[in-house]
Amino acid sequence: MKLQPGTTSRLSEIRGAIDETAHPALFMVDTISSLACCEYEHDQWKVDVTISGSQKGLMLPPGLGFNAMSQKALEASQSASSQVSYWSWQEMIENNEKGVFPYTPATNLLYGLKEALTLLHREGLQNVYYRHQRLAKATRIAVDAWGLENMCLNPAEYSNSCTAVLTPKGCDADHLREVILEKFNMSLGTGLGKVKGKVFRIGHLGDFNELSLAGTLSGVEMGLRLAKIPHSQGGVNAALEFLSD
Amino acid sequence: MKLQPGTTSRLSEIRGAIDETAHPALFMVDTISSLACCEYEHDQWKVDVTISGSQKGLMLPPGLGFNAMSQKALEASQSASSQVSYWSWQEMIENNEKGVFPYTPATNLLYGLKEALTLLHREGLQNVYYRHQRLAKATRIAVDAWGLENMCLNPAEYSNSCTAVLTPKGCDADHLREVILEKFNMSLGTGLGKVKGKVFRIGHLGDFNELSLAGTLSGVEMGLRLAKIPHSQGGVNAALEFLSD
Amino acid sequence: MKLQPGTTSRLSEIRGAIDETAHPALFMVDTISSLACCEYEHDQWKVDVTISGSQKGLMLPPGLGFNAMSQKALEASQSASSQVSYWSWQEMIENNEKGVFPYTPATNLLYGLKEALTLLHREGLQNVYYRHQRLAKATRIAVDAWGLENMCLNPAEYSNSCTAVLTPKGCDADHLREVILEKFNMSLGTGLGKVKGKVFRIGHLGDFNELSLAGTLSGVEMGLRLAKIPHSQGGVNAALEFLSD
Amino acid sequence: MKLQPGTTSRLSEIRGAIDETAHPALFMVDTISSLACCEYEHDQWKVDVTISGSQKGLMLPPGLGFNAMSQKALEASQSASSQVSYWSWQEMIENNEKGVFPYTPATNLLYGLKEALTLLHREGLQNVYYRHQRLAKATRIAVDAWGLENMCLNPAEYSNSCTAVLTPKGCDADHLREVILEKFNMSLGTGLGKVKGKVFRIGHLGDFNELSLAGTLSGVEMGLRLAKIPHSQGGVNAALEFLSD
């Protein structure tokens, strides 16, 4: 199942659907852009394989990947004929039990991970999720005020991590991104696949607060003006009103 | 001569006044908050002693202090009866000529200084000054739009580094600063001396660009609302308009 | 072909042997512990796949892996039925040509790599190799003086990076390693596989000079004494004599 | 009172002598090179002014200076006519009581100081002193074995931090230091004042252990050989024997 940028998959419902049809498929979830940004329940949702990375909600440089797997996934990997390295966990599990790694791990990032987890637990995971949710809502309020369209139409699927915004017809989203990068040194996400050139993505996750969001939205608003993309002013203003209520 | 926060002294005019009266006083200038933020001409303005520090326009942690002095100041220091260590340059000068220091220098910051100077020269000093001037102007535009008063009334003395803002009568500037620190983790400068509690200072210098300014002004605007300080909305908006023209 | 620890494979001879028999096998070389420690000629020796990593001769933290491959290897990978991710280069090659990566790269280490390459080229690769060769020879001189046996018996295969040393019969090499770690905070490599407990490895590569080697050998010599392993004194002494000749 | 390099002043005896004669002088001690290297009792020894710095036993970069003072020193500073800034504590004391500084402090080093103190207390101060004492003794054993003379002749005054070594008559200690710096990238302390060119100093303090000492002594021993300074071999050897007993 392919994730849309700027949406949150309804994972427990997907789990329910798999269960209802008693389908034997393994349930794999990519949480690279969402772990530590919103509720996630690997065990309760009976996810078979969760993958994640260090560089988003965990606030680290890129370089670490994580896997969590169910008993069912472990068994499947042992009987699988595929040799895809990413799903060859046996050696890692055996070594990890003894507190070591089968290969040289990225030790510096492991020290960083320890600090990141300390920071997250000090803030409290529920507070971390609420902070992301609030900043995401402020972003959507700005997008609405600009009169632009959020690619995610279903409020139940709004993302805490990232908001994908459609530029008006005929307006090149990648040109907007270039203008903003050039003028304000801010790099926004591009639209991938069939929304290439039609969508830009605003990330709002990790080590992020009201003022970093305000700076981000200000860069978008000034970029819209400079790139002459039709929009209403006042997006930043609307977000600030929400955030100071 | 005491500097007001948020103002730029008219140094060449002061020099002129000293010259006109043929007054023998040494001319000392504190550039801690202004070096690498606006034009400064130690030699041309015949400044006798310039003092500066690492932690503002030079974008380094605090820890280094700098002195530049005229021949006249050097001679005065040699004949002076005062033992104030800060003006005892002889040992430093003798050692510096041989490429060393008389005491253990803060070596790490000297490495940082080398990098900082490389960054400044790569951007070009005129560009650095212009960037500061532009962000300072955007700040004043925001202050005007909020209907608040800039402590600096003379446009010829506007500061590229810092804008001191008066809160309306009866509104405690230090309470505003506390609210902003508490809610948005941003620390604004306080009013010193007789403007204590009446003024807050917005710094806009060093490694600073349009988006960091937008974040800063957004924090002030949200703080004004939360601290219930009478003001007009739209300060951030006005600054963004100026910055994207 | 399995590498012995503490030996250098005679790669050009292996290449010659493959050529002589006109064997179609791909020639793969693991240079993780040797790149930037000794001469290596991927092209001239017609190596098909070279693998390497950041954490040894390149003086970086672990976290980057490198592949160099011949046209023959590329073609083989395209027609191979295996899905082993490590040999699936196509996507990487296509993206690298455009200056980007198909997945999020470990950016921090790439900045580090740029610095490491600058350091290596500033020293000069031939000087880097010579430095490794000299320190490796000093290590062997110490091992000889201790009356211990170098696992590598063939001088043509001595390693610039690492010397594997046999402990006398009945002396547990892993106990020695524990004593040294506990007393002197130095972690030596263990013997793997059938030499487990019989061999310890002394690394002498990367950001390493005469004095770091002297500290290393001193730790081994004191460890031998503390662990009561029969040996002659004077290993460090002999190494120092060689290094100061 | 002027300190000799490589000696420890008998501070409690000096205190005793001052007391005996009921001399009114303030007792000032420079602990820059000794704090956290050996016992020091500011209160018990009734020291009036202790000065120290960040860059030695505290294992930090240079940049912080410390003062501790007695009530008597405080009173003296208030009535003193001298304006020497280093002894003008009043403003600092008043601000420190409120948890702040009168001037911008070197904040980065203060964070480092917190970590350094954590490290020292984790090891235990008595262990830290014992470690220094043991490494200092090993250094003197090496110096003896080389047949060189320790400038400090009185065992009661041996220093835990630094050993000053006399080169034989006619042998330039500064040439030796140059050879060692050039060949092994190790910078030894020079002789100051009347022992210039006759003495070199070996530091053995701070974040230092057996193997860093072994590397240091090895550099000296190889340097002695390369600079053709008459000496007996075996200094490192003797130190290692002592350290592994």
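As written, the chains take the letters A, B, C and D, and residue 1 is the first residue of each chain.
One rule holds in what follows: contacts are C-beta pairs under 8 Å (C-beta built on N, C-alpha and C of every residue); 3 or more make two chains touch, one makes a residue touch a chain.
None of these values were measured; they are calculated from a predicted model.
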Least step count from chain A to chain D, where 1 means the two chains touch: 2
Chains touching both chain A and chain B: none
Computed distance of Cα centres, chain D from chain C, in Å: 40
Centroid distance [mean C-alpha coordinates] between chain C and chain B, Å: 53
For chain D, residues contacting two or more additional chains: none
Chains that touch, pairwise: A-B, A-C, B-D, C-D
In the complex, chain C residues that touch chain A: 53, 55, 61-63, 82-86, 104-109
Chain C to chain D touching residues, read off their complex: 183-186, 209-212, 214-216, 218-219, 221-223, 225-226, 233-234, 236-237, 240-241, 243-244
